[in-house]
Amino acid sequence: MAVAGASGYAGGEVLRLLLGHPEYRAGRLEIGALTAGTNAGTALGALQPQLLPLADRILAPTTADELAGHDIIFLGLPHGQSAALAAELPATTVIIDCGADFRLTDPAAWDRYYGGPHAGSWPYGLPELPGARDTLRGATRIAVPGCYPTVSSLALAPAVAAGIVEPAVNVVAVSGTSGAGRKLDVSLLGSEVMGSARAYGVAGAHRHTPEIAQNLSTVAGAPVRVSFTPVLAPMPRGILATCTAPVRVDAAEARAVYEKAYADEPFVHLLPEGVLPQTGSVLGANAVTLQVAVDIDAGLLVVIGAIDNLTKGTAGGAVQSMNLALGFDETAGLSTVGVAP
Amino acid sequence: MAVAGASGYAGGEVLRLLLGHPEYRAGRLEIGALTAGTNAGTALGALQPQLLPLADRILAPTTADELAGHDIIFLGLPHGQSAALAAELPATTVIIDCGADFRLTDPAAWDRYYGGPHAGSWPYGLPELPGARDTLRGATRIAVPGCYPTVSSLALAPAVAAGIVEPAVNVVAVSGTSGAGRKLDVSLLGSEVMGSARAYGVAGAHRHTPEIAQNLSTVAGAPVRVSFTPVLAPMPRGILATCTAPVRVDAAEARAVYEKAYADEPFVHLLPEGVLPQTGSVLGANAVTLQVAVDIDAGLLVVIGAIDNLTKGTAGGAVQSMNLALGFDETAGLSTVGVAP
Amino acid sequence: MAVAGASGYAGGEVLRLLLGHPEYRAGRLEIGALTAGTNAGTALGALQPQLLPLADRILAPTTADELAGHDIIFLGLPHGQSAALAAELPATTVIIDCGADFRLTDPAAWDRYYGGPHAGSWPYGLPELPGARDTLRGATRIAVPGCYPTVSSLALAPAVAAGIVEPAVNVVAVSGTSGAGRKLDVSLLGSEVMGSARAYGVAGAHRHTPEIAQNLSTVAGAPVRVSFTPVLAPMPRGILATCTAPVRVDAAEARAVYEKAYADEPFVHLLPEGVLPQTGSVLGANAVTLQVAVDIDAGLLVVIGAIDNLTKGTAGGAVQSMNLALGFDETAGLSTVGVAP
Amino acid sequence: MAVAGASGYAGGEVLRLLLGHPEYRAGRLEIGALTAGTNAGTALGALQPQLLPLADRILAPTTADELAGHDIIFLGLPHGQSAALAAELPATTVIIDCGADFRLTDPAAWDRYYGGPHAGSWPYGLPELPGARDTLRGATRIAVPGCYPTVSSLALAPAVAAGIVEPAVNVVAVSGTSGAGRKLDVSLLGSEVMGSARAYGVAGAHRHTPEIAQNLSTVAGAPVRVSFTPVLAPMPRGILATCTAPVRVDAAEARAVYEKAYADEPFVHLLPEGVLPQTGSVLGANAVTLQVAVDIDAGLLVVIGAIDNLTKGTAGGAVQSMNLALGFDETAGLSTVGVAP
């Protein structure tokens, strides 16, 4: 397998998980080419010091030539770069794209939020959505969901699918800074983010808005209106999403819907009544923790969800999809145990 | 002046502001009795090491006797303790209560959220609400608002008052940990909160919910339905509130309403279009920064507000109200300049 | 196996590692009794929400009866409690004590730093110290080192053993807050620790001082004088130790000593020249990263070491010792890959 | 007055303090030109959102023309830029340089640590050093000390001056990230620094090493050998310095030396015995808190010092020196009260 964009946060997390994957440990999967853009030529250890076993690996440039010959390729690239690269690789290669290029099915939504030509859409790597597993088994092209859409969609899909809420949802999601990627931006400096919370991309401006709407509308079989506000919090990882929608049932019925929806899901955990999710508990874990409540006075369903944006929100979801694509045990190499405190 | 509860976060912040107050620096106000509960007998320096000029002051027990003889008394006590204490003090003493005892006007709301007998209500120390200044000038009893209600009410009052939104608002507010007070609780340990975000008091369970509803309903002249979700973030101070409501106007009209409402307010700043509030910018400042947007697709007004929960959200608001009560310049001793980064 | 003190940070980390241990995953090791003090009767999920697979396990009281019948018992108890408990358990049970009771060999040092009767000493669970592995193989009683002594001893042992420094070392170690345990102490509240660094236990007052001295003196075969200053930093985990000693060789010779000492150690990594350790890179990993330099002007060897205090500094070291005691692969269930960023 | 480099952390903090300075508030000092390099043309509010009263000010380019005509100019520029700029300004203008250009008196030290031509040295803005106030009163050129040298020198100067330690000191100082400036560097991203501590510039490589040595050697009247290790901690501000040196006296004598040295200093506070400094307590304050102890076993004096690197460590020291230069009260506009928690 190869990883393009191995110097970024998504690429690093993919490699962390692969190093612990049973197929890798058994010698049946090899970690081949690791590529990067401007960091090509650098030892991985200088960029991803947490990956001690791979510290001496030198990053190659991200080109189709370097990636050719690998059966599985993970892409952790800025949006807009995956499509061209994928086009140069064989259709039989399993390509798992952690970027946005192939997530949206609607060209108009792509144009509005990303601009440029729409590359199309690939099977969407959120196995817990209804019907998704079937499209992922044996797939050779997979679009890994965005981090916010992962937790928001899983938090709201059961309610939307069961029709227990009006099709108008509100998501305010607090995220750690790694969600913004390893980007040189003054507003992402430690001095700026520590001790401070700030909203960004408000009023529907964030690119994950149409992706959440797409997922929920698909599940509902009808358009779902989405208000989405991301908030940056002073922590490296984690998303805590507060999701609300006008509710048509009481708390017990709502809970029953979620219990049923996720009874057999290995990575989605509805917490006991009254226990609220926290991102610290799922740090490094491929887990989603949820709590469901009904605010009677406000007439709202309130669903709180927590994930690690880099694990279940990106690289863990990618590995989970890889497992499905290649016929491995879906949970192979993925743990629901967080690193806490 | 005296401070009861000088060992807590609210009391400490009141003292920080008083030490810089021009009346204190000019020698016209003295810092008299400083009292505490279990910490009585301890030097303030051991508990509030940031207050170097008062480090040698020994905390007295919180009793009416110790507080008697002061013209101004700030109370930073657990709820339920202010009423009994205030009853023992002269009606002419200016008492400014940072606790919850006298905030709610509705005994039923008090009973539901706090339980026990309702002590009544005092002039509400949020001068920026319509008509509030008149009740605060010359007042001898003042109820300082809760931190969440301060920012939420100021973020939504103009819209509600102008009728540009439906009377059903949704507030998700990210707070630093000092809002929970200096309380020995495992969930507030540094090891638990750092690197983690978590919701609490969801679905209307938080005690600040009825206070927000009271403020907005008063402003609207009709009941306003409030959904409120507080989220704890890994920072000591600050609240970032994301407030939404179904909107009846476009972005320009909405902005105009806010510009007009806060044009002359010294402590409420509507940021330039597109600039979003962040809590780090108002650290230690008696300032509220706001941004207003309209999400056309979702049909919502989105107002983002930031405050320092201990300054404008508690002690700064208390000093601002004291200034009004005593006829000082309302801005005396209060700065809008934050300590950043 | 059983874990006494499963509600604490050490116990929680032991369980995190055991859940990923190949012997557990293969069904050859079972997780039996989980015990606690005041938290007995509570579900583990309420205290260690990161351990999702064990969330429903109810904590039993920490008694010899509850622990009896287990082949392996990890103790994560306040110091002073292990000795009595161990005395009630069979000599053939493998007991691995994460506390301090059996670390010090010198009763006078115990008396000075801990007071009360000296319980004796057990094989010391730092396999990388010269000769330690032999005493750990097949051992039924193991004293897990303190977190500061783990990194400080490994950072300085090669130099002291090789005689390339004077026997007078200075350690200033920055630690995350989990090193203080899950203790209800105002100074450990998130509001107090975030945004602040502070020293504590200065001038030889910290209990880990004699343990570092014991290790280095044993390695040197002569007394080594230790100055040790711990500093609390606003992070949940990690220790970054700056270790200095008057040096007798140049940088190249110093480096050669360390390269030789740790060439075959799976968990101790001497970083490439010029690359400095950081605690974030070893988060959750059973790894020590080191860098060695010589300050010619000051005449000092400077060794920087980083560990995760809960992993290699406590629970990882405990599992590593368990592996040796039971004849498993020493690295089983232990990864050198950190969770970063 | 003007501020060159108003978009940086030092410049921002100078402006924060000036906005609260009594001479400014009385209208006797005006805030004139605010300049920047690449940020020229931008509104200050976009870069320093905490400076609400100056939000609309547009940054001018940093040129002698823009700065001409101001009586007082603060420079917060990358090193190497101050000398050329100062040469173009009148000798009567009070120039206060927060950069390094004029701190070192020894051209050889300059060349070794900074390279390029040595611009010379200016009166050194650390008033608490013996004799320093005399050189600062009426000065028109002032070199503000580095942040590490500020706290390290004040922590060790009394001992070195009194000869109670050997002239060989060891400083390990934990710093917040703002000390590195507002620099676009991957290693300073929030995702990289949060949850992690790391050393840098070890073994005498940090540029503040010769400055500490210069200060202490001057005070001692003989060369003092300095070992200095800076450690980056996950906090925006603050330095906690652990300073040790072989000691010749007992704890009582050592304490007496410090009590005497700082008895009349308004900004240096020797804490009560046993109370240890913490950076959080001096956040935003122009204060140094110290504790002194003797480690009998190790034979070392241990001095712990805390400052806010941006306030007493940079901008506060600059304003303090300005006060002296212009004949204002030395403490004008400077508070010893920190913003905590």
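Note that the chains are named A, B, C and D in the order they appear, and that numbering of residues resets to 1 at the start of each chain.
Operating definition for what follows: a residue touches a chain if its C-beta (ideal position, glycine included) is under 8 Å from a C-beta of that chain, and two chains touch if they have at least 3 such contacts.
This is a predicted model, so every value here is computed, not measured.
Trainee: Going by the touch criterion at the top, tell me which pair is linked by more C-beta contacts: C-D or B-C.
Mentor: Of C-D and B-C, more C-beta pairs in contact link C-D.
Trainee: Quick one: point me to the chain whose Cα centre is farthest from that of chain C.
Mentor: It is B whose centre lies farthest from that of chain C.
Trainee: What whole-number Å value describes the gap between the mean CA coordinates of chain C and chain D?
Mentor: 37
Trainee: Centroid of chain B to centroid of chain C, CA atoms only: how many Å?
Mentor: 44
Trainee: I need the residues of chain C touching at least two other chains; which ones are they?
Mentor: 9, 178, 182, 189, 191-192, 194-195, 234-237, 278, 280-281, 283, 340-341
Trainee: Would you tell me which residues of chain B are touching chain A in their complex?
Mentor: By the definition above, chain B touches chain A via 168, 170, 172, 174, 189, 191-192, 194-200, 202-204, 209, 225-227, 229, 231, 233-238, 240, 242, 244, 276-281, 283, 291, 293-300, 302, 304, 306, 340-341.
Trainee: If we count contacts the way the header does, which residues on chain B are in touch with chain C in the complex?
Mentor: Touching chain C from chain B are residues 9, 176-178, 180, 182-186, 188-195, 234-236.
Trainee: Which chain D residues qualify as touching chain B in the complex?
Mentor: Of all residues in chain D, those touching chain B are 9, 12, 16, 19-20, 43, 45-46, 48-53, 55, 178, 182, 194-195, 236-237, 269, 271-272, 275, 278, 280-285, 287, 289, 335-341.
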